[in-house]
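A, B and C are the chain letters, set down in written order, and residue numbers restart from 1 in every chain.
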């Protein structure tokens, strides 16, 4: 499959990039704040982690491990990468799914209305809200949300309340889980819905001008029927693409939002391991994200084929 | 005499620090049992072995699960001389044999969480791992125990430390919060076991870890300090962003954070919560400084280095920097409340600590002119990319040096690349620096200012045998007064006469916490007093 | 038919068609455009204002944005300091004005670089087709699969911090995104009969690419450019928030949020609000402008 070269390319790219980043995980671990440290301890650490072996050896070991699904141990904590990532993956997945649901439920109707009533005040309002969603920095929005919650609850309920800062899976304690994840969902979902709304609108607009729609209109079919049967289905093609791309982005790209809400997710792990020069963890995370991207693309292609018979291919 | 005045000042400060505490200084409250203490920690511990690691991010969540031989008195952590026994019996013993032998008696009732009773052999095995680790085992503070000749257990409940020479640096080194007692049986089977597992003899038993999320433990019902711990359990929650840690305390998702908050956060919390917040403050055993690179022109010229120091207004800076940053106290390279610290009058003799700022800066300009330094060039100032206090003090320092005509360009790097440059390539003219240590031990803490071939954390790349000689004499001196005199000499040569490195300000530890947390008292180090066995919740 | 060429007023391959749609005087076109695209007009105004502020920052800014004044720390907005001062005593308004300069410098450079390189690669790949296209697509896929911020983060970690390095870091993720979009458009054009005709006539590769294919991708290019502008400003703000973007004491909106925002969010809320507003407004305007541009340039989207 054509996926293999992509994966190999990604593996090589991340390996090279990480080795170029200055800094050493052992130094960061041992250095403390300028106080006393033991140079031989650092050297011993490097021996143990294998960071002073020739690069080619390290690369071969990395790729060989990938092929056997052995992702190694984190250089920072010493625990197996899979264990470290599993929990974060669960959390990121939940936020991604929730944000997708929120985003899509809001976006498709809004985008449709906006396209059908192009250049009316509804269109302007929807476009204004959407662009605001894309323009507002996500972390600023998150900061304002938390601050707002604290101040609001203190003012009206007497005691300040903020979302929980530790994670419990949704099947263990749904109320707790949702009270924590609803806020990042809102902060992210706003931007997500904005992007999808715009795409829905422009895709629908394009389709509505197509010849076959004009023909159907000339024939006298109702607008609603035309939209629902013909236009929407074809407009969904680019919309599905963008939903897929945004979902893949949410799995690991939510770096800043996770920092703001203290979500123990893949994005936060990414930043931490890059800043700690934890090669094994970062490499594995990147491969994970690339795999997700490839899988989402594959899924989107299937949706394409289902939505538009013209595109079906073996 | 200076020492009496110093001691009085220390007593006052200690009293103030205690008084700002939760009222338990007045002593009348009886601790209540029960409750779980939630506290926030800035980072994930990289490993669980206290002998190996050095970061406080490991100490805060994991220290409560282990015991040590002696420790700083948890009811008086701001003292630099008050050490008490943890698993030993009675008081910290006086040395015999001309100060070279220390004999400790071990309690008979210390049980490991796995059930076995602790004996002297466990203590000896742990210290052997710390001081003489076998091949492939890392011990971070190995060199600090250089004065120890042997550690033996003549019987099941006695441990004897024999030193090569008498040293009053020994007891503070022994009291370091990293010297955890492990089980000999476990070490014999797998010496690396404690790197990934937690099982000790401390007041709490480790129960659960959520990777990147939290670590929690429950009360140890067989704890040997009877009646303690008061808490049912502890939970250390990992929260990277400082602002989130502040918000967590405000929203009561956590009750306390053990590192320290900047002044603005303290003010916000006090304004928002009033009586529900208690603030404890203390001088921190951390200092921020800068180090000139002696291998770069013109900083190889002592006149230029002195000019750098003379340009900095430490007394005034303390005033306004303490409003926006976690620095405050003006001092030399010695912890200000230690018996060896120079007095204010002595400090004011050093270049850069003169009370007259105008005179300082005039002298700085004169020295720069005399040395012929190139003032049109913009020099490379390496700064670590952490806000508190590095970036803030760094920005301020650039401003200070500008006032005498020296132009610097700030190059801020995140921690990893920062160390790569500071330690690796050394491509900087001046670098920001810090000196953070655990138990206050001025003799060990000031080893940083020795020649570069003796101190691995000296980034100035210089050799100064005169400074080394003073230090060695000070280390061997047995009389505290003699040591204090030599310490001032050491200060003078490092900061003034040779201006090898410099010192700016001592950090200031501010811990605002929920008022229902009682029993915990602030000390000068965020590594120390984290056992949490005397903490209780007034709820 | 080469309808796109007519719409953007560029010379087409078929000279006769030019006669059908004569060009109107510029001011009349502008007035019509403002009437048809009110949102676009407003956003254009904001964009022009931002550029004006950025270019004339030294003249307009009331105070020095870099010099610290420790006696005027954290003052509320007043007549002397319209938007207040930050924790170093620097005027917030001046820093926002100069911050526009940084934002536009970083934004424009990385957007233009990224979009242009993406344009060339995308068109080239579509034109040459075959295994060149296949290999190129795989390579672009690899870069696309990396989350935008991670790529920028890694680039910053490798090259260091500072405005020039940040530009490089932000350009990185833009190239494959632009290339991919341009390529799908260029593929359609490549199938046009006149391209084959041009080749049959013996025109060189570069002539065909530059004269026929690139002009027809101009609309896409411009749209991607304006999108990237907004995104670049946001990415720079995120990178600064993480401490990896532009460094002190350079005035930059994201950096202002990182340093002061959360710590002083209650005691000195003006430190947090105004930079955030500036970012939102600028990105908003650029995006809206890009929208209006797309509506204008793509005849299929014009309301009948």
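We take it that contacts are C-beta pairs under 8 Å (C-beta built on N, C-alpha and C of every residue); 3 or more make two chains touch, one makes a residue touch a chain.
From a predicted model like this one, the values you see are computed outputs, not experimental measurements.
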item: Central subunit by CA centre of mass proxy; value: A
item: Winner on C-beta contact pairs when A-C is weighed against A-B; value: A-B
item: Intercentroid distance (Cα basis), chain C paired with chain B, Å; value: 48
item: Rounded Å distance between chain A and chain C, as computed from the means of their C-alpha atoms; value: 22
item: Centre-to-centre distance between chain B and chain A (centres being mean Cα positions), rounded to whole Å; value: 40
item: Junction residues of chain B - those touching two or more other chains; value: 241, 243, 272, 414, 416-417
item: Multi-partner residues of chain A (each touching 2 or more other chains); value: 21-23, 143, 147, 259, 275
item: Interface hub residues of chain C, defined as touching at least two other chains; value: 157, 261-262, 265-266
item: Of chain B, residues touching chain C in the complex; value: 241-243, 246, 262, 264-265, 267-268, 271-272, 320, 323-324, 385-387, 391, 394-396, 398-399, 410-414, 416-417
item: Residue numbers on chain A that touch chain B, as the complex places them; value: 21-25, 27-41, 44-45, 48, 76-79, 83-84, 87-88, 143, 146-147, 149-150, 154, 159-162, 164-167, 259-262, 264, 268-269, 272, 275-277
item: Contact footprint of chain A on chain C as seen in their complex; value: 36, 38-39, 138-139, 141-150, 153-155, 157-158, 230, 234, 237-238, 241-242, 254, 257, 261-262, 265-266, 272, 276, 279-284, 287-288, 291, 294, 300-301, 303
item: Complex contacts: residues of chain A adjacent to chain C; value: 2, 5-6, 9-10, 13-14, 17-18, 20-23, 118-119, 124, 127-128, 131-132, 134-140, 143, 147, 198, 202, 205-206, 209, 248-249, 252-253, 255-256, 259, 267, 270-271, 274-275, 286, 289-290, 293-294
item: Residues of chain C that touch chain B when the two form their complex; value: 67-68, 70-71, 73-74, 87-88, 157, 160-162, 243-244, 247-249, 259, 261-268
